[in-house]
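Following are the structures in question.
Shared between the two complexes below is chain A, which has chain B as its partner in the first and chain C in the second.
On to the complex of A and B.
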């Protein structure tokens, strides 16, 4: 089985200065949007889950004498993506590639889907395409479905767990509105990972990095995948047109009382009892 | 004959009332350790002796009574406030210890804008004092990474230092006076004066005692005017730590007082600055603050010095300002980090030392190389200098390792302590100090005699004089 994980590297929005959100308004005319240059880059959290789940499938295969899946990873982006790809190589991903399209595709889900579908179609692509269900602010969460549609593969969303069965079958657990669905699927398929319990990617040792230092990251152009990126972006003329701060402050009170017992009493009498009685 | 656990609890309840004595098993187990056994805490695996009780200390007089009783009964006492220690100083090394928790003593007694000093009880969170000072346009100047969670008593007890130390100094430069209680119940107040030459400066008996001599109940610290609008940020990338130390030294010996002066090696820089620094880049950065004229002159002076180093490539100051705005660790970051460790078993540890300018580069390189060669499963080995002086600087080794093949309870013995051992050995070999600002705790206590040399006589005599029964925080500073 070949597993391809598509991931996105995003700015650490939590670290943005307020000024950089405000500055975004001034930059909108230039199409620059929010100023994210000054913050570190992170793996999109859902993609991080996907990358680790793929490694766990590989580990599980080794433990159960299954055929070990071949792991590949791909991301769309410039040189800032490379450190993440070299980390994946050190963790045992057989191939790590970035597609440098030379354009901002943050608001072009159809273009992103076309690129990822082309990667999956590539001779070194995958039978299983693992993606995060969505990425950072502004993402509509449609990419996995668009990729599946382009490929003509089934798509399972809100995936939280994946288990290898005999043969190439997978048992996939998905989070639905009020239940967990367990589905057995036979690849090819697209799996969109949601709020999985596994949310952190393991870390390679310095020796792992040394051992894989000669394995290079593949750098592809859109044209290498038979894609005319300009044409795709022309069909998808979307962009950031405005920013509005959302105030998340919540009303609060300081619970009075000198001792923990008094405070607990005030909390119960003044704030909780009425709520409990209503229940 | 030592008291039974039940008799200890009974004795404590008799002195302070049962409402101030916590015997909840979960609290006791969690109180048996501090962040030194981080992995054990995260996995809820506890191996240290469980304390008999945690006493929530309400007043200086209550602390005096408790200590007098513990001294008479030979009960080990561990003072704490914010419980953010990282070096095992709050671990219960012996069974049936009693934790004296000063966090209920959380009153800001006085903020004196005329004399530029604030007096607080030991359990006041530093953030609370800083917030109050800011309302008056003032600052404590003290900003350790633990500012959102640490309390003043503990900060003084561990000889803390903040991120702006190059301008404001360490806590020892800020403490004007204090109140402390000794094991015999003696309450001592050191008055608040600008300076004194009436014999030895006995503040330093208390500052940094780590609960091994006394219990700090009140401190008075200096305040400073706060000029955030004047802050200036400067940053450079460069390829060599040696050049970085040279530039840092030149800034310091030229008399400039930036509030932040840091040099990151490539490993550590990769954690914070990978969005503008290459993976083999060091990062040198400064922040100047104060009245506008001083801030401008400081920044200009530093700029002129670093400009003479052609290896240094200046970066947009917004990179440094953004980094600066995200420095402190509140509960949210701590929880996220714990979850990361829980899933990956990739543990981050730090060990800080200091040395003169002639030795610091050698210590850094020797310790780094040995750790990478001798310790298994290292995923990142790096460090930075973050507190500089006219005669030297510190090195804050920052390292990550995967815990492989052992349970959480063996993380310290397989990885952490061997790394500490290498760092201490390489530091002592070159005349440095094995602890810059985290305190000795129990983790580095085995090296205390090597650290002090012939002056250990003075340290040991203090212990014998103030704590003759040896009830104060056994194993901290002085190994068992």
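On to the complex of A and C.
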């Protein structure tokens, strides 16, 4: 079984000051969103779960004498993605690639889905495509379903656990709208990882890093995947045409007092009593 | 322009979907009228109640063998193409999947988490949160049908409750397991027009009119899924519908700190929620997570203890009637974004406050 994890490296939005949340100048269609180039990068939280779940599938296969799955990881982005890919190689991913499309695809989920589908379809792709259920500044959680529609593969979303069974089958647990769904699926398939308990990617040791230091990150261009990125962006069926600040400020009245006890008393008497009595 | 709402009644969230759609049609959509609702259902005993849930008077019923987004998308996509539908509105946790699949199959455009939509001059412009709720983006949907999945906040606005027993609770003999449907060929369903849109058909007790009934139980359900088991979701203490929530943030400092906040919340009669950093440190289970990646709630009172108030967290509580921040840092965003703030150690304050609230409520 070949598992391909598609992941996104995102700016750490919480490190931006309130005043920094202004739209850039220029044509939004050309990617003039909020300036985040100087902001530290993070793995998208759902993608981080997906990357660790894939490693656990490999570990479990080794423990049960199953054939170990081949792990690959791919991300769309520039050189800022490379440290993350190098870490994945050190952790045992056999292949780590970035697709440098030379364009901003933050608000182009259809284009992203086409690229990921092409990666999965590639001879070095995967039978199982693991994705975070949503990621990035503009994605509304549509990418996994678009990829599944493009590939004609079954898709399970809000995946929280994956267990390898014999014969390449996977037992998948999903947190559906109103229930916990457990289902066996035979690859190929798309699995969109949601709020999994497994939420942190393990850290490679220095020995791991040294052992894989000669393995290089693959850099692909859109054309390598047979993709015309300009055409895809032009055909994006929904486009960002404006950005507005979110006004969420409230009164912010600070309660007085010297000790926690005094402050709690003022809070209750001056602000909460009526609300509590209505509950 | 023809526009339809969609309720997936094969899911237990049908009432919540209906409430959200009703609120959105009242306050979230301008420039277009939605006068039909497609209701998917899978058991006759839920049929009447689902009709009454419809946010529009006119209803089109589709009977399904199972709850399966792939099959449902196929059915609705065919209806949209055949009926020249320009706008489809969906709600609930399954809304994004259904909307995306329908758009892909019809060559339309999809947008999820939509706050407002405005149709004008033959185009649809929608607003939705972007950058993890730090900003709102305006989007133009360029290809029809416009498939719009509305923001979860509309469920709070609609005051939607939980699903009733007739919509099929998990594990109660439901007939809707994916992979257990019959094997008829797609498109072999029968549709009976029961109402004349111009002349008017018989109205139900609740004033609804069934325009058509289709039986799509013969559709092939995806057999790549096997051995399906449905179980109850993790216990969240009905966080989404709670009236009093205490949110513990990373400022709790440790698992023990979160446990103390949880104990105080219980004593005060509140439900505990936590921020993502708390979950990432395994100080609390994932099902307590609140925010963009977790639950959204609109309680009467929300006390946020030791959380900075990141936009992603704020998304989960911004519908609260009264927000109280307890934080050691007076410059934390949550202080300005709360109605009232206490600058002090969060655990100490919430423990004091819980005792006083318990006494008041005794």
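The definition used in the following text is that the second predicted complex is superposed on the first by the 224 of 279 C-alpha atoms of A that agree within 3 Å, B and C clash if a C-alpha of one lies under 4 Å from a C-alpha of the other, contacts with A are read in each partner's own complex, and residues count from 1 in each chain.
Operating definition for what follows: contacts are C-beta pairs under 8 Å (C-beta built on N, C-alpha and C of every residue); 3 or more make two chains touch, one makes a residue touch a chain.
Since the structure is predicted, the reported quantities are computational estimates derived from the model, not experimental observations.
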Looking only at contacts as defined up top, I'd like to know whether chain B or chain C touches more of chain A. C
Contacts of A:261 with chain B and chain C, given as first, second, both or neither: both
Would you sort A:276 into first (chain B), second (chain C), both or neither based on which partner it touches? second
Quick one: classify A:146 as touching chain B (first), chain C (second), both or neither. second
For A:199 in the superposed arrangement: first (chain B), second (chain C), both or neither? both
Which residues form the common part of the chain A surface touched by chain B and by chain C? 16, 199-200, 261
Seen from chain A, its contact residues with chain C in the complex are 13-14, 16, 18, 21, 23, 33-34, 45-46, 107, 137-138, 140-142, 145-146, 149-150, 154-158, 160, 171, 175-186, 189, 195-197, 199-200, 236-246, 248-255, 260-261, 263-265, 267-268, 271-273, 275-279
List the residues on chain B that touch chain A in their complex, please. 19, 270, 272-275, 279, 316, 318-319, 321-322, 325-326, 339-340, 343-344, 346, 372, 377-381, 400-402
Residues on chain A engaged by chain B in the complex (per definition of touch): 15-17, 20, 37-41, 80, 83, 198-206, 259, 261
Spell out the part of chain C that touches chain A in their complex, as residue ranges. 11-13, 70, 92-94, 96-97, 99-101, 103-105, 108-113, 125, 127-143, 149, 163, 169-171, 178-179, 222, 224-234, 243-244, 269, 276, 279-280, 285-286, 289, 293-294, 300-301, 308, 310-312, 314, 318, 321-324, 330, 333, 335-345, 348-349, 351-353, 356-357, 360-361
